[in-house]
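Labels for the chains are A, B, C, D, E and F, by order of writing; each one numbers its residues from 1.
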Amino acid sequence: MILRYDRLGVEIPAGDPDPAGAGAVQELMGGRFGEMSTLMNYTFQSFSFRGRNELRPFYDLIANIAAEEYGHIEAVGATITSMLTGADARDIVANGSSAHALKSGKGVLPIDSSGAPWTGDYVFSSGDLVENLTHNYFLETGARNGKLKVYEAVDHPAARALTGYLIVRGGVHQVAYARALELLTGADLTKAFPMPRIPTDKIPECRPHLERGSHLTLYRFTPDDYKEVVAVFKGTHPETGEELRVEHPAPEGFSWPEAPAEEDVFAPDYDPGEIAEIAQKLRKDAGLTGDVGMRAA
Amino acid sequence: MILRYDRLGVEIPAGDPDPAGAGAVQELMGGRFGEMSTLMNYTFQSFSFRGRNELRPFYDLIANIAAEEYGHIEAVGATITSMLTGADARDIVANGSSAHALKSGKGVLPIDSSGAPWTGDYVFSSGDLVENLTHNYFLETGARNGKLKVYEAVDHPAARALTGYLIVRGGVHQVAYARALELLTGADLTKAFPMPRIPTDKIPECRPHLERGSHLTLYRFTPDDYKEVVAVFKGTHPETGEELRVEHPAPEGFSWPEAPAEEDVFAPDYDPGEIAEIAQKLRKDAGLTGDVGMRAA
Amino acid sequence: MILRYDRLGVEIPAGDPDPAGAGAVQELMGGRFGEMSTLMNYTFQSFSFRGRNELRPFYDLIANIAAEEYGHIEAVGATITSMLTGADARDIVANGSSAHALKSGKGVLPIDSSGAPWTGDYVFSSGDLVENLTHNYFLETGARNGKLKVYEAVDHPAARALTGYLIVRGGVHQVAYARALELLTGADLTKAFPMPRIPTDKIPECRPHLERGSHLTLYRFTPDDYKEVVAVFKGTHPETGEELRVEHPAPEGFSWPEAPAEEDVFAPDYDPGEIAEIAQKLRKDAGLTGDVGMRAA
Amino acid sequence: MILRYDRLGVEIPAGDPDPAGAGAVQELMGGRFGEMSTLMNYTFQSFSFRGRNELRPFYDLIANIAAEEYGHIEAVGATITSMLTGADARDIVANGSSAHALKSGKGVLPIDSSGAPWTGDYVFSSGDLVENLTHNYFLETGARNGKLKVYEAVDHPAARALTGYLIVRGGVHQVAYARALELLTGADLTKAFPMPRIPTDKIPECRPHLERGSHLTLYRFTPDDYKEVVAVFKGTHPETGEELRVEHPAPEGFSWPEAPAEEDVFAPDYDPGEIAEIAQKLRKDAGLTGDVGMRAA
Amino acid sequence: MILRYDRLGVEIPAGDPDPAGAGAVQELMGGRFGEMSTLMNYTFQSFSFRGRNELRPFYDLIANIAAEEYGHIEAVGATITSMLTGADARDIVANGSSAHALKSGKGVLPIDSSGAPWTGDYVFSSGDLVENLTHNYFLETGARNGKLKVYEAVDHPAARALTGYLIVRGGVHQVAYARALELLTGADLTKAFPMPRIPTDKIPECRPHLERGSHLTLYRFTPDDYKEVVAVFKGTHPETGEELRVEHPAPEGFSWPEAPAEEDVFAPDYDPGEIAEIAQKLRKDAGLTGDVGMRAA
Amino acid sequence: MILRYDRLGVEIPAGDPDPAGAGAVQELMGGRFGEMSTLMNYTFQSFSFRGRNELRPFYDLIANIAAEEYGHIEAVGATITSMLTGADARDIVANGSSAHALKSGKGVLPIDSSGAPWTGDYVFSSGDLVENLTHNYFLETGARNGKLKVYEAVDHPAARALTGYLIVRGGVHQVAYARALELLTGADLTKAFPMPRIPTDKIPECRPHLERGSHLTLYRFTPDDYKEVVAVFKGTHPETGEELRVEHPAPEGFSWPEAPAEEDVFAPDYDPGEIAEIAQKLRKDAGLTGDVGMRAA
C-alpha cells in the first residue's frame, strides 16, 4: 500500500505553450524507456519476488525504487500538462500530438512520442534476481539515453528542468542496480559509467541536484520499511568517487504547477466558473475554511 | 510522490497451486477493467486535472482513490504469484497462462486473462470533470462485473479472498464517483446500485469487510493531504442506508504471503541457497540484526 | 441482415483540400469514441443479447441504433475522402496522416487521428443489460466530447457539417440510453445533459437539424422491425422539454459527394479514362441506359 | 445508410454447449480473414471509391457485397452466442476463450481464435480499383481457407451449418471479384477455382444451398440501388458451368436462435425475471399487444 | 543458414538531410507491404512448406526469393539512415518520425510511416501452396503500389534510387509468383501487368536496371541451392515479351553509403573519437593492417 | 546481401505430434527474447551503425552474429513444423496454439507462446554502441532464460535438440557481447556467467556441442567479410577457461526434417498428389534429372 502526498520531486518552471515539445516529452512517460516502464518493471518485480525474506536487501532495493518512480511519472505528467497550457487546439493537431487536443483536455496521456500507448509488454520480470537486476541496469541506461535525447530535442524550461532532475535520479538507480549486480556476481558495470558517456555535470539543469548531493543519495520512500537497502546501496559513486548514502525521509518537494482551465477543450468544463461555484459551496458545507481551494493546512 | 509500505490491504490465504485460476485472475490485473486500469485512470486524471484549486474536493477525491488503487494492484499481484507457488511448468503451459512459466518465474505479469498486455489505451482522461466522473463510475461498474465473473469462475481461496475484498472496496469508489456526479449534476446513479444487481452481502467473502464497515469508509491514503474529500464523500450508502465516512489512517494491513523459491523456473535463482548466503553476508556487513531477512522492526 | 442504400444522412459540402483536417477527423472514425465504436458496440451487443424476447423493447433499441450508426461511418468516410480530394501527396505526408497518401488513394481508413487502427478492444458487451446501457450512455458522452473537440480543431466546411449532424444524432442516442437506464433503475442521467455542457443550439451547424426536430426523433432504420423502441424512447427531451418521438422511415438523405480521380495515387487508376471506357462498354453490354454511370433511376 | 431487419441468412441449429468450438469459430469473426474483415474491407473501399460515376458497375458490386457481409457477421455472432448457451464458466475458462466468460456474458466478441481483437489494420483500400479487386479475390480465398479449417476443427451442428452457408456465399463473392478482374484486365482467376481445391459439393452442409442455386446468385441487398452489378456479375460459374444471376430481393431468412438468460454471468441480469417484468410493463404502457416480447407482426 | 556479405544491391546516392522523407520511406520497411513483409512472408512459407521434395521447384522459388528480400531490407535500411545524416534533432521531431531522434541514433527502425512497428501479423502462411502463391502475387502488387506512392511523395535522390531498384526487382517477383500460379492452375495473372498500370520504363530511376536486363532475371542468392527455380521461372516477360532467365551469382553490388557519427544523438558515442581510438588499438593488437577500418581485403 | 543454403545448423529428430509443445516453442520464435528478436536487433543495428569504418571490429561482430541468427529462426521454424506433423486439428485447437490449425497448415508462425505476433517494438537500436552492446548482452541473457524455461516445459526430442543447440550458440553470442563491452569500458560481465546460473554442461542436449567446441567458436557466416571480429572475439571462455576462436566456414549442417503433406489443413493442397504431378512434369520439362524432387546435386 502507499501514502500519496501532493508534492512533486522537482519544481516545474512556467514557459510558453509548446505542443511539439510536449509531444516529445511523452516519450519519457509512455515510451519503452519512459517512467511508466521504470515504475512498472520494479513494481511487478516486487510483486513476484520469490525468496523475499532470504534476499530482503534486494527486495527492499527494488520495492523502494519502485516507490520513487511513481513520483517520476507525476513529474513527467505535470511537465506535459504544463507545457500544453495556453496552446491552441489547431496548433496541437498540426505540430504536436493530436491526442492532446482530441482525446485529453491538453493534458498528459500514457502514450509515447509517436502516440502509441504504453504497454505491459515493456515489463520484464523473469523471476531470476540476477537477470532482473541486469535488465534493470539496462533499462536505466536506456532511460538515461532517452532523457538526454529529449533534452537535446526540446528546449522548453519545464522539459529541461524535468530532464535535469530525472537524469540525476535515474543515475542513482543505475548505480544501485549495478552495485547490486556487482555484489551478487562480481561483474562491475559501474566501469561503464556514465552511459551515454556524457558527464552528468556538463548538463546545467543537473548541477543544482549534484550540488545537493542528490546523485549520491537513495531516499527511502516509505514511512518505515525497506531499511535493508543499506546492505546494497553503499560504496562510492563511479563518476565522482564520493560516498553513497541512504536517507529518510526524502526532501519535501514542490507544489504542482498551476494548470488553469482550458475552455476550448472543456477542461475542467465548458463553463469552469459554474462548477467551481458548486465546489465552493460543497467546501463550505463541509466546514472547510481558509483560502479557497488551497491545500488544506 | 508516495510512501510505500510493505503491507497488503487483505490477507491472502494459502491454497493449492492453481495455474488455470491464476490465469483467470490476471483479468483483474491487466484487463480493461482490471486494477491497472483503475489505478492509471485516476492517476492520469490527477496529473491533468485543470482548475485543481477551484475544484479541490474533486481533485482530492480522484487523487486519493488513485492512491488506494496502487494497493489493489499489489493485492492482485500477491494473489496470482501465490496461486502459482508449487505449480508444475508443464501444467502452467497446458492449463494456465503460458507466460507464467515461460516469461515470469511463476509470478504475476501486467497481462489479462488472454495473455494480452495492459495498455495505456485503457486510460480515459478527457479533461472534462463531469465526463471523467461518468467514466469513472462506469469503470467501477465494469470492474465490479469483472470481479464477480472471476469469483464465479475461480474457487481458489486466495482468489475468493481477493475478490471479496476488491468488490467491497471498489463499491466504495463506485459510490464516491456516483455521489460526485450527483453533487455536480443532480443525476443520481446510486439508484442503479448494486451493479451487477447482486447484493454485496450475498457474497461470503465480502461479509467480513461489511462487518467492519469497510463499505462505508473512504480511507485517506496520504500522510496529510486530500482532506477535502469530505466535501464529496458523504451522505448514505445506497444499499444499506448507513452513513458514509472518511477515515485516516487506513487499517494497518497484512503481511505479504510467502513466495518461496521455484527452482525449475530459476526464481530467484537456479541455486537459491547460494545467493541467499550472499544476501546474509551483506546484511551482516551492514549491521542488520534480528531474524534473518525479516522485516526490520 | 441489412439493405443498404446509396445515400448519406447529411449533405457534405465541398471545400479546399485539407490534409491536416482530414487526419483529425479520422478520430471520429477509428478513435475509441469514433463511429466505428458506436456501430460495433451496439451491433455486438445485439448479437449477444440474452433474453431478447422478454426484453424486446431494449433489444429493439440497441439493434436499431446500431443500424443508424452504419450511416454514421458512411458520413465520416465521405467527409474524409472529400477533404482529401485535390491534396498534394507531399502535403499529406508533411501535414496530414501519411497513410492517406501512402496506404490509401486519398481516402478514409479505419484509423484514428494518430494513425492507430480501430480495434475490437473498443467493444464492450458484458451481457448485463443495465451495465451495457451504462456503457452506451458513457460512450455517447465520450463521443460528444470527441465531436466537439474536432469541431474546435478543424474548420473545413465538410468537417463542420459532419460534426453538426453527428452531435445532434448522437444526442438522440445519449437520450435514448439515459432513458432506458432510467426506466430500468430509476437513475436519471438526463440531469447531466448536455455533456459536455455546451448547449447544442450554440453550434451553428447543429441548428438546421434542431429546426427539423431531428434531436427529438429516433428513426427506425429497418423495413419493418424494431417497433418496440416506442416503449423506451419516450418522454421529454432533457434540454428542450419537447416530446420525444419515433419515426419511420428516416429522411431520404443526400447524394454522396463527388470523389474524382486522383491520378498521382492511382485512384481509381494510373489512367482513369482507360478503365472508365471499359466500364462504359460493360454498362452498354448490360443494356444499362440513361446518363453515363449515374445512379440507375 | 442501411435498413436492418431482424433475420439471419441461415438457420442456426441448436446443440450442446461447446466452449472450445465457440472459441475456434471466433476466427471467422475477428480473424484476419473473418467476416469483420470482409465487411469492413468492402465498406471502406466503397467510402473511398474515386470515379464512382464513371465506374458505377464496380462501385455497385463492392458496395452491395459489403451489405451482404453485415449479414455474415450477424450469422457468426448468432452461432457463437448459441454455442455458449448453457456452458459452465469454469469450462469456458479452462477449454475455451476465457473472454467469453470473463468479458462477455457468454456471447460473441470481435476477437479471433487466439483472443486477439479484430483491427482496422486488416482493411486494404489502396484506391486503385484493380489492386483492390485483386485484394478482394485474395481475401475471399483466404476466407474460404479459414472456413474450411474451422469446418474441420469443429463439429458442432451450429458451426457446421454456419460454415456450409458461408462457404457457398463467400464463393459467390470470390467469383464476383474474379470476374470483375477478368473484365478489367483479361486475367482469369476463375481457373484457380475452387480454392482451396475442395469441390464445394463435397461438403454436406453446402449442398442445400447449392440445390437452391445460392452459389450462382448475387442478391442485391438494397431497397433500390446497386443495379449496375449486372454489368459485372454475369457469365458462367467456374465450378459448374451454370449461368450466374442477380436477384432481388434476397431470401427472407430465418429467426435468430434463442439466447436464454445465463444468470451466472449476469446476462441479461443477476435476476432476469425482475427486469423482464419491467420490460413487460413498459410494453403494456406503450400499447404493445400480442405475444409477450415476440417480434411485432 | 545464410552467408551475409557486406554489399548492397543498389548504389545509394548522397543527398541533403530529409527527415520527412526518411519517415515516409519507413513505409517500405515496416509497412504491411514493406520489405520486412516480403522477407518474412517468404521466409516463413519456406519454414512450413509441406511436401518440399515433391514440389521442389516451388519450394526453391519461395526460399530463393526470401533470400533476395534480406538484401532489400538492407537497401531500405541504408537509405533511411543515409537520409537522416546531418538532420537536426528538432527538425526530426517537428517534421519527421520522432522515433528517429528519440529512439534511434538517426537510423532506420522496423516501423512504418506512422511509427507503428512491423508485426508478425503481416505474415500469411496458410500451408496451401496455391493460396500462398496467390497471396504472394497480391503482396508484390501491393508492394509495387507502395513503392510508387513513396516515389511520388519523396524526391530525395536516395529514395528515388531505392524505389527505382525495388520496383524493378519486385516486378521480377511479381512475374515469378504469377507464373507459378499459372503453371499450377492455368490462371494467368500476368495479363494484369503492370499493376499499378504505370509502365516501369516511364520511371527514370528504373531505366538503368531495365537496360541491364534486371527485370528479366531471377538471381539465385545461394552458394549452390535452389537450382530448380528454372522449372518455374521461364517464358516471356508480360510487359516486354523478352525471355526470362535465371542467373548465378547475383551482381557484386555496391558499398554501403557512409554513415558518419552524429554526436547530438550519441551515435556511435558522445565522444566518437574516444571509442574509435580503442577500436584502432584492438585492430592493431589483432594484427589487422591496411587502411584504418576499411573492409579487409 | 545474403546467400542462403538449404541446411540447418542442428539435426532435428523426429517425434510424436506435440501441439502443446509446439505452442510453447513458439516463444523461442516470436517472443520478446525469441530468435526473431536476436536476428532483427542485430540486423537493424548493423543498418544504422554510424562510424562503421572507424569501429569496424564492432560492426563486423554485430553484422556477423546477425547472419547466424537467420539460421536460428530456421532451426526454430523447422522444429515447430516438425512437431505439428501428424497432429489432429481438434487437438491443436484444444491443447495447442489454435493458429497452427486455423491460420497455418500445421506450420510455424511469427508468434509467441500466447499467440501474439512478433513486433518491431522488440528491436532496440539506440545508435550508441556501448548502449547497444549492453542491450545485446541483456537480450542474450533473457534469451538463455527463455530457452531454459522451454527446455523445462517441453520434453519432445525435437524441442530438446533445438534448445540444446540454441543454448550453446546463444552462449557464444553472450560471451561476444560481454567481451566487446569489456574491451570498450572495462566492465566485465563475464563474471556473471552462466546466466541463469545453470552450468551449460549439466544439460545433456548441450554436451555434444560442447564436445565439438562449439561454445568457444564464433563462425563467420559470410563468404569473405566480417574478418575483423578477431579483434574482439578473443580471450578465454568465462565458464571453462578455454581459448575462444573464430572459424570459417561454419560446419556444413543438416538436412531439413521431412514435412509431409497434411491433407486436413490443405497443406500443400487438398489433393497433394495432383500438384506433385504438375511439379514433376515441370521438372522434366526443365531437364532436371536425378531423384525426384531431391536437392539438386
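Everything that follows uses one rule, which is that a contact is a pair of C-beta atoms (placed from the backbone, for glycine too) under 8 Å apart; a residue touches a chain by one contact, two chains touch by 3 or more.
A quick note: this is a predicted structure, and the numbers were derived from the prediction, not measured.
Shared contact partners of chain B and chain D comprise C, F. The chains in contact with chain D as well as with chain F are B, E.
Two copies of one chain, chain A and chain E, touch each other, and the residues they use overlap weakly: the shared fraction of interface numbers falls below half. A straight line joining the Cα centres of chain E and chain F is 22 Å long. Once the centre of each chain is set as its mean CA position, chain A and chain D turn out to be 49 Å apart. Annotation: 40 Å between the Cα-based centres of chain A and chain C. For chain B, residues touching at least two other chains, in rising order: 32, 103, 114-116, 121, 126, 128, 130-131, 145, 196-197, 265-266, 269-270. Arrangement of the chains shown, judged by which pairs touch: an irregular graph that fits none of the line, ring, star or complete shapes. Chain pairs recorded as touching, per the definition above, are A-B, A-C, A-E, A-F, B-C, B-D, B-F, C-D, C-E, D-E, D-F, E-F. Chain contact summary for the complex, chain F toward chain D: residues 89-90, 92-94, 97-99, 101-103, 114-116, 264-266, 269-271, 274.
Here chain E touches chain C in the complex through residues 20, 23-24, 27, 31-32, 95, 113-116, 145-146, 148-150, 152-154, 196-198, going by the rule given at the top. Residue ranges of chain A in contact with chain B, taken from their complex: 1-9, 30, 36, 40, 43-44, 47-58, 63-64, 66-68, 70-71, 73-74, 77-78, 81, 103-111, 117-121, 123, 125-131, 183-184, 221-228, 230-232, 234, 249-250, 253, 256, 259-262, 265-270, 272, 275-276, 278-280, 282-283, 285-286, 288, 292-296. Looking at the complex, you find that chain C touches chain B at residues 32, 121, 124, 126, 128, 130-131, 134-135, 137-138, 141-142, 145, 181, 185-192, 195-197.
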